[in-house]
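Sharing a structure here in structure tokens format.
Per-chain residue numbering starts at 1, and chain names A, B, C and D are given in the order in which the chains are listed.
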């Protein structure tokens, strides 16, 4: 057994924290809390990315971290917060499945992603493989959150937590060209625009952002 | 050479005349025997000839709605039946034109005649004609397969569908007694009864509307047309008797190159066979009641089954 | 017969012919395509009909003559013409051998007659713009199928033919039921094509050798060959109308314009037979004996069921369509026999059976086209296809009636017409079956013989009905009374076919000889040459066994009829008096008392219907004094439709309905779908070794 | 960057990009439509010029045998759709379904979409390709929602959520590929370049490749509309403007499938990885069979054909999954022919919906009577899409089916079954729509039939005769695909 590697341990801790935050997202059923947890999620991501920047000696990752902080910790949660307030959306988020089973499923997903990644990436270096395992866990948990939420805003938040997982994976993959970071940031940006347009339009049309109202109009119902 | 041809042609012509002349006699004989069996006096044996002659002299009353089919049909029916009858060996084998048609063709010719008869039944557009036609084709549709299977059995034994050849093989005695033959005989008799509209399938003597088949079809015919159709019916009966006789009782048939004496023997034997067959037919008809029309399929189905059974048993007995 | 071994000028010119032959026919096909475009351009123009039909008739006649020359002069297999079309690395192969030539004769003869009929009858067409463009296309497709020498070109042409005829079926799409007919038709066609694609896929193997030439030399294993046979039966059978794949025929054939019905029934089903023969006899290699059991059984069942269905119909064209099913059954029975003999190395017998089947192909084309023309003429004259509303047309349409009568006699297999000859040949082949070593076949073939005989007898019954009810008796409706004789082109087409029916019936030897080079390569033998036999008889195997002389039988009947007529008129009364029908003394019966198609079929329905159709009759007889009319109802059920197609359609419908919920899920559910499939795959990865 | 501007590939990207910018500023929708057509035509010419310049490989951009025909196809259909769009849009303005302001946005987005799709096709970098596909998705989301009806918004939202998730999965897969490549190739752009990846793929960690392929297949498969991740597709097709439906079915699905193909080649190049074929076969067949059944209960004509797109994407995916020269050839041909045919069908359907004022199948009857040209055009299109000759899809289906049956007979059963079921549904609806007694209101349409019949003519010609160079290309690529 090699000597404990503090750098790696911290990286793992941050990534693990991200997974934990994902669990919190999965668990939250009130929308403001959800927003706050998401901000925390993004903050953890930024720190993780910054830490990677440090240990990989890749300064451009600081930019990524910065973008994440500005956008995902401040602007997006803030904007959504305002929007929720203005639109007067129900504070309670209805979940489709009960919390208990959801958490159990989340545990299963984390286990699955760890098993997969550890089995799969034997040749890759430790950092990459464990980061990837956590990133996969975050993605799967995000998906699970999306599946279990009805509210459009909580879906968007869950989706952005998936993107956080992706960023984590991308940064873990050492030396991945900037292309990916830009694209991640860019996608977040565009997503925000889309959400803005959509949520307002949806709200305009339907007086709600509860997806059940929307589903009534899914194709060929009428 | 030419002499041979002339003789053969003469024999063929003789055959045509013989069947034409003997056919009414056979019917008259059957009628007479039937009457005697019923302890009636009965009409003279020659009565059918008189009937025919009288009919020929009478004028034809044509229904207004009758078309040319109605007028042409009797001649075609008569011609087809006559040709078929002329191709069946009666008193001698080796008819000049026997090779132009085998047993299947003979069945086909009878089918052609029936086709026109059934059409004639429909032509005037009366309900009775329709009854007769529809029943006739129903009966034929069952009788024909049975006949074909009988032919099949015979062809299996003789290796040919030519009646002359079959008769020759049968007469040679190489065949022996076979259960298949017995079954085929029974089937053929049933077919013959059905095809000729005899009791129990049809009653040639009745005009009771709901039971008649053949008579219903010819209801609208009169005069010379009726005469031809009647004659065709006589010929058909004779034909079936001849077929049965030449296949199952080929004794006395004159060989192709036989002396005139043999021909005479053959003719005598033939008349004898006709008499026996006529007697048996009359006996059978008097001892049985006519069945309902819709029992007929069962009767004919039995023929079909027997014929098939005969064929299958043929295979069994062939394996030594 | 061609003499080999010396390069005489004629041999050299023959070689030239062999090169030119495919190109010639392709030029013909191109001509049809041009006509199709012309038809599109002239669709609404008055000149469109004469141009398209006239040119089609001329072109078909030329092609027919060329094909006949190819066959009779025994030109032999042509050179393979390869065009850079179709599958790119293979190209489009075209080749004419004796089999193709024979079918080209059939196709173009039928096409010529149909074009001639269309030339006249087409003037009654209310939607020429839906017929003229597709008609030449249909002809082109049928020709191409026969010319094709690789799988892709074959199937391409096959579907082109289906598609063109589908469009023609939909020409009268506004009439009730025709859209459905088109649907069922195209579905069955699509099914058949897919089956053939599979069959060719098996024949081509891994490497994808789609040329017929390559398939011919490769010998598939027993299992594969069996599968190809099954697929060919499904594929070609669905086009030809083998039971239970026949369901589209009685729907689609009546829906099309009459001359197209004639083509579809008379010619297109033959192209399907060609496909079957090509695959099974030519490409597939030596057969197994059990194949013949399958083909025979299907053929026999098809023949009997086809005619039974026909008997129950009162729509004239539908009745004819069901008869096509019957005749296809007869043809397949013949082909099955040929397979049995071929599998047991009995080339003479196999040639006899195959020749019988192919002869029947020609015959059926002749008389079925003729009958459809007749029904078309009746339809044009009266606007009716329902026999229950017809009757007595023989007065107004004597020539049509005569032609229909001749066709009826021919299809009923009555001597001395052509239908009898081919069935007689098949019977002769059946009679050779005892020599087969397999017990299964020994026992089965006689039963098939019985079925064929049954179907022939029932066919006669059915055509007594069809002709009798339509043309004889008295008119059952006003429409029947207003009928006029068909125009001269239609009549010319019909009478020409009558002539051919008679010719093929009384001089069958020529046809048999012409078919000899067809049988030779397919079964390794051919029937004895008939040309030299005295009196133009035909002899299937040897003279002592059986022989038939249609000419003499025809002459005998003619002479006997003539003699009797002369004699009767000379020596007996000639007097004729017209009067009302006697009818056992019932006076003044109205036409309503006539026997109808339904009542005519009643005895046969009683015999077979309860079993085959689950027929139920119900009589509602009012009590005396009740003024209600009595009602008699017959219920027939189409068991094949109910047992095969309805369940399939129901199952598809049920699954579609069940699955349809997927269209209406919430976004969560859709996400869940994504999620579940992702997790499923990941789990699979995790547990995989 | 300067060098890449001079690159022959650049025009296909720059022309639409510039056009998008210009169109944003053009107020008149008529002028916009004309500029749209002109720009598409220019892009088409630029794409065709690539044939002249031949393959070229840059660090980011790439033209090789695989994508060159897709680029040409992309811009050709882009051009014809622009032509169709001009006549379609006019009617939409007349009926007040769209405002000129929205049309400005529409035209700009149209060009942006073409640009991003071109980018996805020419990208030599898996990351760049991903970005392009993502952008293409976003632009189409905008376009799908443009009518802003309840249904359109719902469809767009669904498209957005599902598309984003799909694209996220694809990104993860892309990262995994990079992770797999890095130990072999080293860090940097090379580890994301197709041209490099494919040559070194045999040394990658096979298990990582497996995992990556799962994500990529599901991710890009979402874009390609494969079951069970297809759900956005029918509604997005049905509720957006018809030109967009045509582009979606004709182009975007192809682009996504193209991406899958690229990755399939990569994974297949590694002998130790899972054969990617099994997964593709499974998804392809399930798409085919599922979509075939779904066709029966469709009430909306555009949704009907959207499901048919799923079906055909399934067939192509299946063919590529099966592999081998014949199947790959068939698959490529199928993709091409499907693009042409399906966009042609949407051209027809767009006018049909305008003529009848509805997209409900039940209210469209007897089209060949009321609108003969349109009706027969639709008949031709449906006949083609049903895989009947003499049209091009017959050839591809023939190849796929026959080679499947020769190699994997059991797979042919669902394949043929699915095709038959789909044929049944399509012909059933076609019979109702095109034939029979016409019903309901119908207005004459001033349609431009040129795009419709140009496509059908191409499909017809391809069904009969494939030009030598094209065949050589297909064969070459089919060989590459393994």
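Keep in mind that, in the parts below, a contact is a pair of C-beta atoms (placed from the backbone, for glycine too) under 8 Å apart; a residue touches a chain by one contact, two chains touch by 3 or more.
Values in this document were obtained by computation on a predicted structure and should not be read as measured data.
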Quiz prompt | If a chain touches chain B and chain C alike, it appears here | solution = none
Quiz item: Based on the averaged CA atom positions, which chain is farthest from chain B?
Solution: A
Quiz prompt | Chain pair, A-C or C-D, that carries the greater number of C-beta contacts | solution = C-D
Quiz item: How big is the gap, in whole Å, between where the Cα atoms of chain A centre and where those of chain B centre?
Solution: 98
Quiz item: Just how far, in Å, is the C-alpha centre of chain C from the one of chain A?
Solution: 68
Exercise. Could you please state the distance in Å, as a whole number, between where the Cα atoms of chain C are centred and where those of chain D are centred?
Key: 43
Quiz prompt | Where chain A and chain D are represented by their mean Cα positions, the distance between them in whole Å | solution = 30
Practice problem: Would you mind listing the residues of chain D that make contact with two or more other chains? | Solution: 157-158, 161, 165, 169, 207, 210-211, 234
Quiz item: Tell me, which residues of chain B touch at least two other chains?
Solution: none
Practice problem: Name the residues of chain A that each touch 2 or more other chains. | Solution: 116, 119-120, 143, 146, 155, 214-215, 218-220
Quiz item: Among the chains present, which pairs are found to touch?
Solution: A-C, A-D, B-C, C-D
Quiz prompt | Of all residues in chain A, those that touch chain D in their complex | solution = 116, 119-125, 128, 132, 135-136, 139, 143, 146, 152, 155, 159, 162-163, 165-166, 169-170, 173-177, 179-180, 182-184, 186-187, 190-191, 194, 198, 201-202, 205-206, 214-215, 217-220, 222
Exercise. Write out the stretch or stretches of chain D touching chain C in their complex.
Key: 157-158, 161-162, 165-166, 169, 207, 210-211, 214-215, 218, 222, 228-229, 231-232, 234, 274, 279, 290, 293-297, 326, 366, 368-369, 383, 386-390, 394-395, 397-399, 401-407, 409, 412, 416, 419-421, 423-425, 427-428, 431-432, 435-437, 463-466, 468, 471, 474-475
Self-check item: Parts of chain B lying in touch with chain C, wherever the complex brings them together
Solution: 56-69, 75-76, 78-80, 82-83, 86, 97, 99-102, 104-105, 108-109, 111-112, 114-115, 118-119, 121-131, 133-135, 137-138, 140-145, 147-149, 152, 155-156, 159-162, 165, 207, 209, 219-220, 223-224, 227-228, 293-294, 297, 304, 307-308, 311-312, 314-315, 318
Exercise. State the interface residues of chain D toward chain A in the complex, per the touch definition above.
Key: 125, 127-128, 130-131, 134-135, 138, 141-142, 145, 148, 150-151, 153-158, 160-161, 164-165, 167-169, 171-172, 174-176, 178-180, 182-183, 186-189, 191-192, 205, 207-208, 210-211, 234-235, 238-239, 298-300, 303
Self-check item: Contact footprint of chain D on chain C as seen in their complex
Solution: 84-89, 151-152, 155-156, 159-160, 162-163, 170, 173-174, 178-180, 182-183, 186-187, 190-191, 194, 197-198, 200-202, 204-206, 208, 210, 227, 652-653, 655-657, 659-660, 662-663, 665, 667, 670-671, 673-674, 676-678, 681-682, 685, 688
